[in-house]
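Here the chain labels run A, B, C and D in written order, and each chain numbers its own residues starting at 1.
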């Protein structure tokens, strides 16, 4: 049983790993924990849990965040008509150079959220604060560039599967009973240090922007407290924001996020592609991933690679 | 010995994997090849070969490509003064929401180049062409979203180390002799399917934009042909563009890129952080990575995770 | 009566102003034409015909174009926590520096469309073509940086007002009869060189994105041919795209645009704020404006300043 | 003689126009002041004082602000290979649709600075403050969308011309004596409500990024106080930041900006193209302009149109 505080208190916690800590429960990762996981995997198969990035993909836009964009910065034909490149005209015609650029909200596609993404009253995990630690462009604390290589046991909790549905109903809140029922049906339990991945079935409507994004079923605060109490290191979901939407609380529009980041130091992974694992009933995996190391960001793309456990 | 075409012909090749092939030598990855690599690794240690993304980092800007940018889309205090969010004022004050967005050239930071990045005379690998396969926003062929999970043997060729220098001289071209000398000193050889990573020592001046970016030492076309002939699946470098700069050829400003992508189907990984491996003289590793799956892109961030071989 | 070709032919025209011409009927502007207009205005009053740029404003996004974005690049507090600026800490605290950046589709807000925005079969006005004149980043022909200072007679045709409605019905196509009826009621006629501004009343639902953007009433091809025949130099509208939406033609989704740009060399101004003029029944004005000179762009912001005629 | 406070005090002022005022001396513009100017102009000639926006143009990048970018969002050929548009394939081939987008620091090209751009210790003009008036994306006070149509007397002070040089020396600080000397040679004086435009000759090296941007000659604080005292409504320059660079003050890197915005309520226009006026020795003009109305921005593109005085 995990020793961390878990009943919700609505204020940020000091980290049990000390006043400099910026990564919370990711401190549970050690060479030994990694080696133990690596010793358990069946290396004959591997799965990718990430979704593609493409024009028009579902993403957070309701609060003004920019949609995913890609555009060409160089095209072969364009180069021959340009003076952007210092090259001979023969060179421009021989060499077909194409380049492109992207822009995106950092919470687009399969990604990990960091602790500076949500806090309480101007403070985040470990009492870092906006006054001293927010620069013009990004937070100077708790960014994903500090995250270690994640090698951990991953556990898929296929809640939709346990209930025999393709997708949980809109707005459904997954609580303790739902999680226990799922664990029982799947015959497994959560251990300290696990990456717990919750399947609502929402990816069955991907990439329909309307259907995927709004009123998502997801974890409720009871479920979050329960998993935090069991020692989960990271919580993941196949939906847009892990948690139930809209929030059942009047003045907290993301109670699960604020709780996990600010009170117990658990990062969240969103928009995981869990369909392949669910179909094959693979519930225990070796989870390997490295967040895109964007200094200070509130979130970062992450393409998890998993190997089933033996 | 690898059977693929390797002496340079200055025109695009048809793929030996058929007319639909978009990934070239990445076809060499199979469940068996992955399992073989995974069986060889020492799981007690792991290394991250990627660099961080930050404001002011070195990147391609000479031809007008945008520098890496991050910016806030929501700040805790800002939210309380905004009407971007539909939340109560109490909620805005309680919940400290921060969000950020990024924009970047897709060849920024540690990344993999895809075959649509360079071709000859309007065509790319396997004779896909600009006329039919370039959309308004991106190529419709050969994007990184098609790349499999890379699990392969990685070989570090520490050319700078073999020559006893911190960094090869500016503009130095690494040819067959340099590579053979390095392999001999390191006591290893290249095998079909390897991710070959060449260390020039350029990361010793990172992140100095001037010193890192211009006139980089790197692979020359002879070296590229040699490694392609040995069966390398991917070529990587610790410098900005793998190859020697400036190009020694008048009308081909990227001879190694065009050769590898268009003629032999070998992707390139650039700006690899090889300093830790070099310091510890770890030359053989299990290389694990999944490119950020940006549909159609010419390049994609990739954070390679490696485990030393036993 | 204007001598230009006007019945629609579905192919691009050579310019009557010669093979180098990139601005079409804007060639009608001369020192004399400007002075004549300036002599006619009542300088005691002036009106701004542009809309504001703000987060969430209506704009073209259905085809993947980016919505208007603004973000901070420097904040006073952020600067004190940053190392982006080379300034003393005392300086950062004393001097409260704020900066911001924007990104937008060039057809956002009140703007003028240029001839490279629409053409036929790879060619635009005056037979410039994609093959030779489109660079990687923008067209090299017909950009707004070439547009002269516009000083011209502006004529408001308040079609909605003439019909006694606040706004024309959704999808309504404004044809020759509607225009003639409006001119008769307003007691004026179109002259060669006029900026003709058509009011549908659509701005009465601004800035409601849904209501403003879709199924807009607007000019139909008959109306466009009629006004082109009368010698209009620029056509403007208070709606999102001047013309009736959706297009009544199966294979031409913007018949009025293609006709005006490619066949008769008439630029279009969209999202004009005509409410103030309409309310005061000011139908003849001196129209003064200079397009934001974005080299090669397909469109450019323009803030028209008008003075009523005496 | 102007009654406003002018000796520098290093703290923000309350506005003489009341606690709600966000536009400072632009309050001097009235229907009468405009009509008076319009009655003075020679309408036979007109001049554009703005520079073009293009890839690679000089702009502020030293502190991480993004350079001007333009890119295609639709190309005629690209559209035929895309599914971004809902159009028939025949339509995509017939209709050659091109679109483009831009991104830029708001202080790029010829533009006006607003009062939220610089303040003292977290406050700006009229004691608006960061705590209450800065949103996540932009300031909620003092944006350019509030600026009236500017019709005012413009006065060119050709300081370089008065001194008989093409360009003032690097870092030169223009003070009271230089301004008086120039006014005397030109035979004119400043009046309350004037747009005073100072020519350093810096545009003679445009668009050389190195030569134009760094160590610019410009106004010093003595000169700024002098012009403020004479009643100038707006100060403009042909250089990157109006004022002398680098700042001669240790802890105030922009003393003229902070003084003008925060203490006397005078906006600044930068990168004015004054070469044509200077060549023709046109020193008094009717200045007409409307800032791009970007809600809350710290700066906004402005294309001034001027007519010589009779």
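FYI, a contact is a pair of C-beta atoms (placed from the backbone, for glycine too) under 8 Å apart; a residue touches a chain by one contact, two chains touch by 3 or more.
Which chain is which protein? Per UniProt: A, B, C, D = Cyclase.
Here the structure is a predicted model, which is why all the values come from computation and not from measurement.
Peer 1: If you apply the touch rule, which chains end up adjacent to both chain A (Cyclase) and chain B (Cyclase)?
Peer 2: Touches both chain A (Cyclase) and chain B (Cyclase): C, D.
Peer 1: Between B-D and C-D, flag the pair that has more C-beta pairs in contact.
Peer 2: Contact tally favours C-D.
Peer 1: Taking all residue numbers at the chain A (Cyclase)/chain D (Cyclase) interface, are over half used by both copies (same) or under half (different)?
Peer 2: same
Peer 1: Which whole number of Å gives the spacing of the CA centres of chain B (Cyclase) and chain D (Cyclase)?
Peer 2: Those two chain centres are 43 Å apart.
Peer 1: Cα centroid separation between chain C (Cyclase) and chain D (Cyclase), in whole Å?
Peer 2: Here chain C (Cyclase) and chain D (Cyclase) have centroids separated by 24 Å.
Peer 1: Residue numbers in chain D (Cyclase) touching 2 or more other chains?
Peer 2: 55-56, 64, 66, 69, 71-75, 77, 84, 101, 103, 134, 136-137
Peer 1: Can you list the chain B (Cyclase) residues touching chain C (Cyclase) in their complex?
Peer 2: Going by the criterion above, the answer is residues 55-56, 64, 71-73, 84, 101, 137.
Peer 1: For chain A (Cyclase), which residues count as touching chain B (Cyclase) in their complex?
Peer 2: My answer: residues 10, 31, 34-35, 38-39, 41, 43-46, 48, 50-55, 60, 62-66, 69-77, 84-88, 90-91, 93-107, 109, 116-124, 130, 134, 136-139, 145, 149, 151, 250-254, 258, 288, 290-299, 301, 303, 305, 307.
Peer 1: Which part of chain D (Cyclase) faces chain B (Cyclase) closely enough to touch in the complex?
Peer 2: Result: residues 55-56, 61, 64, 66-67, 69, 72-75, 77-79, 81-82, 84, 103, 131-137, 140 of chain D (Cyclase) touch chain B (Cyclase).
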